[in-house]
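Below are two complexes that have chain A in common, paired first with chain B and then with chain C.
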Partner chain A sequence: MKRQQIINGVIALVIGVLIFVTPFIFIGLTAVKSAAEASQLGLSWPSEWLFWDNLVAVIQARNYMLLLAYFNSTVITVGAISLLVISAAMIGYVIQRRPSKWNGFIYALILAGLMIPPAVVPTIWLLKELHLFKTLHGMILIQVAYGLSFSVLLFRSFIASIPRDLDEAAIIDGAKPWQVFFKVILPLLKPVTVTVILVQSVTIFNDFTNPLYYLPGKDNVTVQLTLYNFQSQFSSQMNLLFMNILLVTIPPLIMFIFFNKQIVKGMTAGAVKG
Partner chain B sequence: MKSSRSYPYWFILPGGLVYLVLFLVPTVAAFWFSLTHWDLFETRFIGLDNYYQFLREPFLITGVVNTVIFGVLTSIAKSVLGLLLAVLLTSGLLGQSFLRTLIFFPVLVSTIGVGIAFAEIMHPARGMLNIGLSYFGIQGPAWLIDPNLALFSVALVDIWKGVGLATLIYIAGLATISSDYYEAARIDGATKLQMFFRITVPLVRPATVTVVTLSLIGGLRSFDIIWAMTKGGPGFSSDVLASVIYKQYQAGFYGLSTAGNIILFALVAFIVIPLTYWFNRREVDL
Partner chain C sequence: MATVRLKNIHKEFNGVKILKGIDLDVNDGEFCVFVGPSGCGKSTLLRIISGLEDATSGTIEIGEKDVTKSDPIDRGIAMVFQSYALYPHLTVRDNIGFGLSLAKRPKSEIKERVNAAAEMLQLESLLDRKPKDLSGGQRQRVAIGRAIVREPEVFLFDEPLSNLDAALRSKMRIELTELHATLNATMIYVTHDQIEAMTMADKIVVLNAGHIEQVGTPMELYHHPQTPFVAGFIGSPKMNLFEGAIAKEHNADLYGIRPEHLTLSPKEGKWKGVVKHIEQLGADAIVHIHVESLGMLVARADGDFSITAGSTIYATPQEGKEHLF
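On to the complex of A and B.
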């Protein structure tokens, strides 16, 4: 490594840390300060560390609302992802393996899902008709509908790399189509499944807009909704608000530490081929 | 013939049904509802009145104009900065993989959390940003309080949060360019700048298409970041279509809200579809 590269690297590191790390340091420090100190908004060192006190206060706020929120968000994320993986893999499998005159039409529908902003008020009307409005299972189905296009495209391109001989061998052996899929193909989809799970769980866990519309009311709060509600409630207790931000940041941070490579792969998938 | 038995279409049914009922049906129904006066009590056909209202009311027009500004600005900034950062972070810099990680992390963090934190960081008097600028002798502006600046301040935070994804897509794109081109250019005596504009930019085009399209679609639809930071304010100065849709919904003007949805849909389609078409045609020319 040349001297110039080292100097450039140090400069880039300093600027990078300044721009991308300071905001998180600010969040962390504000979260452990007293209310009075936090309202100064500075980067100063806290005169006393109130990590535990603030943590307990945030969790107890509004009758343990945050715990309910974490529970609901977990149910929605896990539920939606389980359904997404199975249904998207099945769709990707059939449209990849079975070229037909319908495929153009099906692709148009898939691309529509990536592009078209959901029509919120008509969706609410429909959810009410189906008695799914303000319910967790309604929210799960909404997340499946909105995440399907992206997941199908990922599965389809991965399935293209699995040789057809495999399915044909199983079919000749007398396996039924669903057996071929669940016993032969699905186990081979592990890498792309991990990618779909990671990318979608970040998306669904961080989703704010859809719960705001489809899941109003304090029984169904999600993590992001709670944070948003605390913004007005804790306007004079910045320390508690930022403790909440810290708590919301931890799940993606943990995932990021363990699955950095897969997340990056999933989010940049298809970029190179265009 | 055989494929119809081995790969039955009912495999599409479970996901397809959810998609049809919860996404396609509301999208189609939206066209009808946008032509109605629709509130809690009644649905009455009023033709194109909702759309006329969007063209007449100054605050609704602001929403449309701001949507375009926000989408185009963030998309251009993310692709330009993303490409420059990608080139920098593949040049064998000290600590480049650490920097990649650093820049990418905000992509995964909750938008609401980022928005709330930056609303405080951008506080005109006590905020970290203006205090930091004052060390360099710069008097920082009133970021989110100034009506002329609020939208751009939010855009700045959106770029901060999203540039990491653009950078990673560009890094993946750069990896596909053969080093032979640079080798040949070096032998011919090309400068670094020439290599960047004559080799890197044209050959990284597929990544550019992805970055521009993705960030345009996301940018035109963005709601979370604006709602967490300004709620469309001060006044209506940073309102975008997505926040107008929410405000009209809250106010009980469901028909007007849905018309806003259709306009947003049309805006995304009219900007993104021709752009993709143009991008793909140019690719054939090369």
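On to the complex of A and C.
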């Protein structure tokens, strides 16, 4: 490697660290400071480390609201992801394998789902009519609807890379259409399924605005909304707010760190063909 | 085992006629090869027999039963695909037994039949491997095993050897012929490779542009081609075909002579020409000769025949070996 290349690499690394790592250091440091120190919002070293005290305070705040929020967010994420993966894989399979005159219209709908921003008030009105407003399963359906277009496109392009001969071999072997899908195609969708699970679960788990609109109520709190609650309650206690940020950031962060390669693999698979 | 009877099969895709009225009987236990150039409709015809594709019109009978509207599974057929189409996530054992497990056969029976098929194809040591861990020839054998295990009445092969290298292809040709002899099953085999057709078939069906040009045994097609297309398609190198004076001399539109039915001599003969190119194959040499009155003429000579490009040579057709159309 040439000297100039090394210098360029080091400069890129320093910029990268400044942009991506500094915020995490700031969160980490503020989260362990005392209330007074944290209110200065600086990158200074804490005079005393209050990690455990702040952690307990955040968890106990508002009658263990954070734990309830974790439970709610987990239910929403798991429920939405399960529905999303199964329905997106099936839709992707059908539109890829069975071209019809409706395909153009279906694609238009999928693209509309990606491009047109959701209208909140009519959605709330619809949810109310369906008695789904302020319910976890209503929230799950919202998340499925919002994530479906992207997931269908990922599945569709991946399925395009699976030879049609496999479907036909299964049909010759006596498989019914649902058996072709569940016994032959679905097991082969593992890479893209993992990608969809990771990307969408992080999105849904981190979602702040949608639960804010569609899931009001103290019992319905999700992890990101606990930040909102803290901000009003402890407006001067930035240390607790940042400890809370730290706690709700960790699960998605871990997923990204461990499954980073898998995400890229699933995103690019099927990109060449189809 | 069963006969396959096709009656007036037509197929259209978006108004384009792919098959234009195919009538064909494949007898019980026969090894029938569909051969023809790319796009002649041979694979489409096989897919129509399998039930993967519907005929626009016409009927298909397998074993005296009209199966035109039946699902593939109810036709008593098994198919081997060009790409092998093995299920990548299943082991060889599960690939072979997939059809039986779908049919909800008892586990002991599946095991027994899979083992029997594996033994026949020498796959016993590979049963627990995944398809990605197998060579091309092994994958092809697994695909054949998957067909055998279902004990179908008719085997369908869609260019099964075209992904293999030349040496393996020749080996698999022999294996398939032996398999046919062992099972004595009706087999329909699609290929564009006339060597496969000639070496394996009991009956060859030559297809061209959606219709049957000729049906016959390999030697019938070789010795008595009924159309110029068959004459040109069967045999390698292909038959020399000439219009014009030479054809008129024999009161025909087209005069044909196979390269192996030309005798070459440096001194005398019927046609004098100049050697343009020589393809040396070892045992044989394919000689391309330019003859003033005919154009390019291809002859097969003995590998030891001493000749160089640019030299003058005489070619003489062997008596009674000419083909007239």
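What to note about this one:
In the analysis below, the second predicted complex is superposed on the first by the 263 of 274 C-alpha atoms of A that agree within 3 Å, B and C clash if a C-alpha of one lies under 4 Å from a C-alpha of the other, contacts with A are read in each partner's own complex, and residues count from 1 in each chain.
Criterion: a contact is a pair of C-beta atoms (placed from the backbone, for glycine too) under 8 Å apart; a residue touches a chain by one contact, two chains touch by 3 or more.
Everything quoted here is computed from the prediction, not taken from an experiment.
Taken together in the superposed arrangement on chain A, chain B and chain C fit without clashing.
Contacts of A:Ile171 after superposition: both chain B and chain C are touched.
Of the two partner chains placed by the overlay, only chain C lies in contact with A:Leu188; chain B stays clear of it. Residue contacts after overlaying the shared chain place A:Ala108 against neither chain B nor chain C. Once the two complexes are overlaid on the shared chain, A:Ala12 sits against chain B while remaining clear of chain C. When the two complexes are superposed, the chain touching more residues of chain A, out of chain B and chain C, is B. With both structures placed on the common chain, the touch criterion links A:Val248 to chain B but leaves chain C unconnected. Between chain B and chain C, the shortest distance over C-alpha atoms in the superposed arrangement works out to 6 Å.
Residues 171 of chain A lie in contact with chain B in one complex and with chain C in the other.
Chain B makes touch with chain A in their complex at residues 3-9, 11-12, 14-16, 18-19, 21-27, 29-30, 33, 38, 88, 91-96, 98-99, 101-114, 116-118, 120-121, 123, 126-128, 131, 160, 165, 168-169, 171-173, 175-176, 205-207, 209-211, 217, 221, 223-224, 227-228, 242, 245-246, 249, 254, 257-258, 261-262, 264-265, 268-269, 272, 283. The residues of chain C lying in touch with chain A in their complex are 50, 52, 71-73, 77-79, 81-83, 85-89, 98-99, 102-103, 146, 150.
Touching chain B in their complex are the following residues of chain A: 1, 5-6, 8-10, 12-13, 16-17, 19-23, 26-27, 30, 40-43, 83-84, 86-88, 90-91, 93-95, 97-98, 106, 109, 112-123, 125-127, 130, 141-142, 144-146, 148, 152, 167, 171, 177, 180-181, 202, 205-206, 208-209, 212-213, 223-224, 227-228, 231, 238, 241-242, 245, 248-249, 252-253, 255-256, 260, 263-264, 267-268, 270-274. The part of chain A that touches chain C in the complex is made up of residues 163, 165-166, 168-175, 179, 183-184, 187-188.
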